[in-house]
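Common to both upcoming complexes is chain A, partnered first by chain B, then by chain C.
Moving on, here comes the complex of A and B:
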């Protein structure tokens, strides 16, 4: 009899203290949740991948309760994954809420412009041509100009290299440079490559090739030509004098909420825009 | 098993019961193993079935928007303007395989004959090891070498402006499938009974006559199986091909015009298309065609093996 009461008392004590501690923890947890917690899944563009990865790394430090998964496959995978609910944030090289480059407009998504991306029209390092006008680039990709001597170079056939349909860089090239003129996608002097790295290899290994790529990729056996006499530099792209640039977007389903919102705000913060973003050769939008 | 009878003593009863329980445990283990094996097979079959079903189901959706005639016989691939002719890729795959086999088969058979019939034993062992090593090299390595070494060479010697095309792809694929065809042909040649070779010499035949008249005809079905296996590898190869073929939706039968085949086109486009689009369905249909081709090749090999065994 005595023994049972002792047990009962002990049990009561343990239970009540457990409840107390539990309650204490819950309130603390709630306080943190009011700050930020949850899971962010980012999918999409590989061009923006270095940016999102860096941002995720820094964001995790200041928000230890948030789990972030970052991956990259292709631009169109960004809005698609978000629309399907596979990812919470989609990265895309164009504003996917508009119909661009043969892709449908993704209704119900909200686009956040996070960075300006400078691109470059590239030729082989040994090519004597240093400057091309937008008109000349259009004519080359349309197949109207086929020899380098027509634009002040050697008497050699121009080899036109293009990215695969749906590439974010190609979408921006068609949008900013081609301006509605259709690229001639056939002929024995035309080929397509899969990735930015393949583009660099193709142009650096062929003395008569022309292509286009993110400005950050320009080094080694290739060089960026000036467009309309303006040098391809981040400064010129930032001021808008250099015309070949695009914007990187993050997309969410509807207005961004919770952790997603905090993450996007972090990327748009002055600290990140003027710090890591600049170091990665993107141009701040704020 | 032994039957229990009521007039036995307790001791024997206990012993028998124990024996019986041990037997039951064994029986259960056997049953379990049987179900495990059966389950594994069903799982594998289900995966294969699911692949065929899913790929074909998505693939056949293309025919809601595109006619059979257009898909198989039109060469105009221009999804932006609603043109989904896949003839370029289908013809390209068949043509590339043909050119590859024309290059690889004679060389492979010569190498195999050298290894099996002519080389001294120490060199034979050495060559076989070398070929086994070559089989294991990842295809992307071949593709990279093709893109950096072979293509500039082709450009220089043919005068082609780009250099990508069937010639580059066929050479890369030939080098890739050469070890496969050679090793299997080698095995087939070694399976020919030695008495037949001795009979040739006894009749006064030369080594050349022995190889051409006796060994090669006797190993015919084995060699055919080797070639088909190489063909299956060539048709399905993607990474090495996409790096050297040029990836343009146009015919390239002159060997040095950039063109495209089923595998390279699928890998170029699949990440960049909308899930629900006709383009995506068309790509799945191409994948289904590849699946059909490889399944029929494997069935052909089984047929040949069965014939060879008789």
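Moving on, here comes the complex of A and C:
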């Protein structure tokens, strides 16, 4: 699909039903057959960065008059940037229109659920541990388990890597894995990193490190451990067998309009959801 | 004694409802053999439209109300009480027929005319033999099994036409009159491999193919296809035992589709179809986003040859193989003839923008989770090596020059999020400077393979491509509502505008010719530029919304994707004619 408003047609119904705003949105789409132009600035989640980058690459082919700048930092930067008006779309690993994990609800923003995100608890590729229970992960991050031999690995101290506050991956880790248990955020073997890429580097460069990242980043020098004996795969996350997953959202100030709306519609289109989104290890929401 | 039969009730029931087995217009109702006269309304198929006219049956003979018959032919019937004569008159074409009850002699435009059956009067109406009067009025009347077929202008004309069924020709016979064509249901069914049964008692026609059953009656527009009602634009009829009907209706009822004179027996492939690529001059590889698969499509029969469980495959230059990267980042090559899939190495890094080497033995790709490198995979050894590892993120649109010596790609840098605090908890601004997409060229024969920037302008650059002499074309656009894209040609270090201010839908280079799809005032046109002659030609235009083009490297066909209500379909432009491949 090239420069066309086609994907708008396809995604219109999807988006309409998602937003519960009915036929009016669809009508608006079809009437909006003129060329879309403008500048989209996407800020926020690094977990969603591969997805937003890929969508931006593809979207520009069909919409050459739309300029897209993507900046990945942390999930909280998504709603913040949109609320402040420095970005037109915020990418966030939670629905920031609701209060989550100590972060306030951002009033006046509209959240579009675009993907199910499978996350992974990761260790260095050379680590012999392949499986951890939720209880063991909680104990490691609470500081109760400090040596890999306690979970069947080598006699080496565990280096716990956490994402900095504001990370959507951290919010999902605390929600889905820690389940109310507090992470011990101090000590020589505790480290915080800013971005998903930093997490990958930290774990791949340290044979005793443990961390978490979205599944799309799992490759090279890191590996995902099974959780409760269930492998970290998109299929297991899609079926719900695998417990560590969340949802990715794009946020706009009020209803998405113009180029922003067109871009979100493209991400929600069957072509992108069943195509690139799946290849990037995300799970379609439709 | 006259007796009114409930023929009208039966006819209306058939008109309104679906034909059901056992519902009939039983011919013998009208064929009263006693001395009694029977009146009813007789079903008539007039130029394919259903009607009834009053009829009188006496001693096995059916006569029809002269005024009703006259009306069918746009004529009037009047009664001259003084002379006890009836007159059927029409002004254009002019005709005057004078008839008298009980008289075999009639006058047509003042001349004698003999009737084999004398008209009869019943009440104020004159009942006449319809066949000769219809012919005098310029048409034709034919009754069979209690239903009359009437042409109001000209006689029935037999014809035969050759149609393509899944690409194979079949002759279909038919009958045409008054600009309406009816096709032999036997012939259509035979081409579908279906069986036809005509119930002699009820005239119900049953066409069966496997589990599909199509039922219809000659006096109904309604057709029942596996329990689903469909309406035919013209009513069918039976002539000499052969049912004739509207061809598209029968084809669709049997599950087929029609495009021009082409009939797809199982129907054209449904659902969203995208990304057509030419495997050879008769085969397309298309993506199917509905179920994340691909199809090999025979464009002659417009049927699927095979389904492949991956979409967005990249076809090799010889069309024999296709490459893809799975959800785990692994690279695979599928042999399209044998369907054998081969994994190329076990590298699981992100790979996008697969590009085949000209010899089909290597695959270039954008490499890394941030698209920060360019790599090449050897199909022979399975090894994947980085060619360009400059850490510049977000490379895209990888192209290989026709001589295999140069790579072209686009880079759009990431914006930088600035914070008000060192802990990076409060966003201040997004720095978008330096994020404009730029083209880079890499000389693969150079030792350091240093990317060279080709552009520095702030416009978007898409559809970049090499010409045969390694010159480059691309579409340039800016984020200004009033400005439309341009087609740029970079040659000898200078940039030339080939097309300015045009709504360019797609631009593709095949065999060193530039194919461009343009939209102007809702008309989509494919134009072709030959750089050697610097001349433009037009391949075709359509009102359908073209979304992408894929010219064949084998001949002059152009595959296109066209927007539909449900997504996209694939069509072909061949010699100026648009042919649907999917729907």
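Assorted remarks:
By our rule, the second predicted complex is superposed on the first by the 223 of 286 C-alpha atoms of A that agree within 3 Å, B and C clash if a C-alpha of one lies under 4 Å from a C-alpha of the other, contacts with A are read in each partner's own complex, and residues count from 1 in each chain.
Rule of thumb we're sticking to: a contact is a pair of C-beta atoms (placed from the backbone, for glycine too) under 8 Å apart; a residue touches a chain by one contact, two chains touch by 3 or more.
A quick note: this is a predicted structure, and the numbers were derived from the prediction, not measured.
In the overlay built on the shared chain, the residue A:38 is in contact with chain C alone; chain B does not reach it.
By the document's definition of touching, of the two partners only chain B reaches A:159; chain C does not.
Once the two complexes are overlaid on the shared chain, A:191 sits against chain B while remaining clear of chain C. In the superposition on chain A, contact of A:103 is made with chain B only, not with chain C. When the two structures are aligned on the shared chain, A:133 is found in touch with neither chain B nor chain C. Applying the stated contact rule after C-alpha superposition, one finds that A:167 touches chain B and leaves chain C untouched. Contacts of A:74 after superposition: both chain B and chain C are touched.
Shared-chain residue A:205: touches chain B; no touch with chain C. More chain A residues lie in contact with C than with the other chain of the pair chain B and chain C. For the contact definition in use here, the residues of chain A common to its chain B contact set and its chain C contact set are 73-74, 76-77, 80, 84, 164-166, 194. Within the complex formed with chain B, the residues of chain A that make contact are 73-77, 80, 84, 102-104, 157, 159, 164-167, 185-194, 198, 201, 205-206, 208. Contact residues on chain B toward chain A in their complex (touch as defined above): 79-80, 147-148, 151-152, 155, 160-164, 242-243, 246-250, 256-258, 267-269, 271-275. Considering their complex, residues 272, 274, 287, 289-292, 311-312, 325-329, 348-350, 352, 369-371, 394, 396-397, 412, 414-417, 423-430, 432, 435-437, 460, 462-463, 475-481, 483-485, 503-506, 517, 545, 547-549, 561, 563, 565-568 of chain C touch chain A.
Here chain A touches chain C in the complex through residues 1-6, 9-10, 35, 37-39, 41, 43, 50, 53-54, 56-57, 60-62, 64-74, 76-77, 80-81, 84, 86-87, 164-166, 194, 197, 200, 216-217, 219-220, 234, 270-271, 274-276, 278-281, going by the rule given at the top.
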